[in-house]
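Common to both upcoming complexes is chain A, partnered first by chain B, then by chain C.
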Partner chain A sequence: METLASFFAGWQSFITENGPDFAAALWVTIRISLFSVVCGIGLGFLAELGRRIFPWLRTPVACYVEFFRGTPLLIQLYLLYYGGPRLGIVLDAEPAGMLGMSLYAAAYFCEIFRAGFDSIPEGQREAAHCLGIRPWRRLWRIELPQMAQIVLPPSVNQIITLIKDSAVLSIITVAELTKTATRIMNISFEIVMPLCLLALLYWFISEAVAMASNRLEARLTRHMAR
Partner chain B sequence: MEESIVPAISIRDVHKHFGPHEVLQGIDMNVMPQEVVCLIGPSGSGKSTLLRCVNFLEVYDGGEILVDGALMGYEIQYDGTRRRASEERIRESRRDLGMVFQHFNLWPHMTVMENVTEALVSVAGKTKSEAQKIGIKCLERVGMAEKNASYPAQLSGGQQQRVAIARALAMEPRIMLFDEPTSALDPELVGDVLQVMRKLAAEGMTMLIVTHEMGFAAEVADRVVFMEGGRVVEEGPPDKLFHNPESPRFAAFLKSWTQRNGQTV
Partner chain C sequence: MSEGGFILSIMPQLLQGAVTSVLVALAAIALGIVLGIIVCQMRRSSMWAASKAAGAYISFMRGIPVLVILFLLFYLPSAINVEVPSLLVAVLALGCNTSAFQAEIYRGGFNAISIGQIEAAKTLGLSRMRILTRIELPQVLSLTGPELINEFIILFKNSSLISVIGVTELMRRSEQIVSATYKPVEVYTAAAIIYLAVCLCISRLGKRLKGKH
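This part shows the complex of A and B:
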């Protein structure tokens, strides 16, 4: 009884003391993740579409994808944040983090979209050709709606991975969740509570993303055999 | 006398390579307006490839294909050489052609009605309600009107193929191309699709049909063309062709078909 009471008391004082810091850090993590997911999806889609339309873009896009998928995000961020100024790219920690994460995410999303485009049988495009449907209309009405359900599960995986990868931003001093938790650990010498809370918060964001995607998936697959 | 009528499709010395392999080795053939021509032959004879060259889904690399007198897929330049026409031009040339595929190629995320009306709205510029009026008429022609709200996955293969025919008809093509329209169907579903095609033929639609349905070809075609190895081996009216084949190759093809099916054409 005694220990249980002190356990709760410990958490209570920990939360009262550090709650606002964690809340602020949670917002930073969500903000950065959201930005890099949106930009990553946009850039990745454009890159994939570009290399489908213009053959000369194939090699540059392939190099881009190979570099950003093949090297650790940590190194990419170091290069951007500490190496950037040498090339005249001077960014604060958070914008640098957002940019780095977006470029990193775009490489993965580009490949996800490639699989999405490839999954649509050629015959469906041929049917559109034969009816005189223009490429943009075909993309919008025939390819994208079907791709959506195919790219959704891998995209959700990628989004959750990205959110967790955003912890790496702590090494370029962005005050996101992991950085904040580490800082509090260093000040308070408390180990378990900050880490538990940290894990819980990441888990909370990931779960929210997964739930949203389940709803979306149900909507997208409503035409499948009922 | 035939010279004065412009053929609906005129194929002249058409060649096509897939890498080093020449799948079409100089095809000459005409399809006259309102004529029904069936292309038959063993697999790999090039008949589907030829059909796909007619609407430029496949690029032919020698000879010419004229649809209603206009060159398909190429533009003649000032110096007399030709180059691939713009996509816009190719789209324009395809307007007269309706295409039906072996695997239907319906868009699975759209209802039957949406499949049929998509091009009416986006290509022919109809309003949604106009398009639906036309759509329901086309679906009635193939006996699928009551399924207009279904999704393709809820239909049998035969029903899907009839919807695919309605989708092509909606654009009011003057010529219909059929690429083995019944080959992917269970035997008991073939009849409905053939019935729809019979009706189209009776209404005077110009049709070029790649098929393995010899009975159908014998009954409906005005002319049957037998292809093998990328060449036209024999052609003529079905009565003459099926009962009096001239070439030994076609005679052998007919014989093996008769043995497999236990009946003559």
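This part shows the complex of A and C:
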């Protein structure tokens, strides 16, 4: 009984002391993840669209995707953060992390959109062309609505992966969740509590995103359910 | 020294690191396959507690970053004064992480096997263990082959993170060379090319395996 009471007292004092730090760090993680997801989707979509419209873009985009999917995020961040200044790109840790994560995310989203575009039969494009429907209208009214349900599940997986990958930014000293937890470990000599809280927070975020996306998916495919 | 000459001169050291990376990744994927199959069997079992425990394990391991698993396994033992070698921690962390993803992959594979086969095997008097090793697993592994290869590529890239706990693999080697020569662009580009080459090799290998079936 006494050990239980001291256990709770230990956690209580830990949370009151370090709670604000963790909350601030959580916000940094969410901010970085959101930014890189939005930029990654935008950039990935543009790259895929560009590759479909302009044949000369095919090789550069393929090389881009291959490089960012074939190398670890950590090395891309090192190249940007430590190698960047030599090439005239001087960035603070957080902007460098955001930029690196966005470029990394774009390569994955580009592949997801490719699968989406590939899933639409060529005949529909030809039919739209024959009916005199303009390419933009075709994209907006015919291709994108059908792509949505094919693109959504892998996109959600990718978003969760990106949130988890943002932990890597701690290595280039961005003050996000993981960095804050290790910093608190170093100054308070407390090991178990910061690490457990860190793991639980990530677990909670991943589960929350997964649950929200299940709802969204059910809504989007409502017309198919019986 | 010219740029090309410099990169050639550091290549042997980098390749040495790459060998460690590949070996750790191989050990972790082997651990992941074994753990993944066990967890998947637990998840599919009719025992409530086993199934729920496996579900929680899968959800937790998939829900937290590899880096955090690495920290948990590296620092928690030291809280009770147990020294675990960092190489072992690296293999365990990467293996646990991939096992959760593999368990989900195998679940799809097991579900794809028609129930009639299992019923037939039971009627013929095969033991449960024999059904698993002789009938289910061969089919599951060949069905999920492409996804396993994909998982191995992800695992190999994640192996760059073990540099943080002091395992001298490709990433840490390049960090050491950078701090000695201060040429980050050249060294990290060379390391990135090695990572890329290994990943391409693995995916080529996967395509060839797929072609055989």
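Things worth noting here:
Everything that follows uses one rule, which is that the second predicted complex is superposed on the first by the 225 of 226 C-alpha atoms of A that agree within 3 Å, B and C clash if a C-alpha of one lies under 4 Å from a C-alpha of the other, contacts with A are read in each partner's own complex, and residues count from 1 in each chain.
Criterion: a residue touches a chain if its C-beta (ideal position, glycine included) is under 8 Å from a C-beta of that chain, and two chains touch if they have at least 3 such contacts.
Since the structure is predicted, the reported quantities are computational estimates derived from the model, not experimental observations.
In the three-chain model built by superposing on chain A, chain B and chain C fit together without any clash.
Once the two complexes are laid over each other on the shared chain, residue contacts for A:L99 go to neither chain B nor chain C. With the two structures brought together on chain A, the opening angle seen from the C-alpha centre of chain A toward chain B and chain C is 100°, to the nearest 10. Legend: residue contacts after superposition of the two complexes on their common chain; A:V168 is shown touching chain C, with no touch to chain B. Of the two partner chains, chain B is the only one that A:Q124 touches; chain C does not reach it.
Of the two partner chains, neither chain B nor chain C is touched by A:C39. For chain A, the partner that touches more of its residues is C, with chain B and chain C as the two candidates. By the touch criterion stated above, A:V65 is placed in contact with neither chain B nor chain C. By the touch criterion defined above, A:G132 lies against chain B but remains apart from chain C after alignment on the C-alpha atoms of chain A. Of the two partner chains placed by superposition, only chain B is touched by A:I142; chain C is not. Between chain B and chain C in the chain A overlay, the least Cα distance found is 26 Å.
By the touch criterion given at the top, residues 121, 123-124, 126-127, 129-135, 137, 141-142, 145-146, 223-226 of chain A touch chain B in their complex.
Interface residues of chain C, counted against chain A in their complex, comprise 59-60, 62-68, 71-72, 75-76, 78-79, 157-161, 163-164, 171, 174-175, 178, 184-185, 188-189, 191-192, 195-196, 199-200. Those residues of chain A whose C-beta lies close enough to touch chain C in the complex are 66-67, 69-76, 78-79, 82-83, 86-87, 164-168, 170-171, 178, 181-182, 185, 191-192, 195, 198-199, 202-203, 205-207. On chain B, the positions that touch chain A within their shared complex are 55, 57, 87, 91-92, 94-95, 97-99, 101, 103, 105-111, 118-119, 122-123, 151, 153-154, 164, 167-168, 171.
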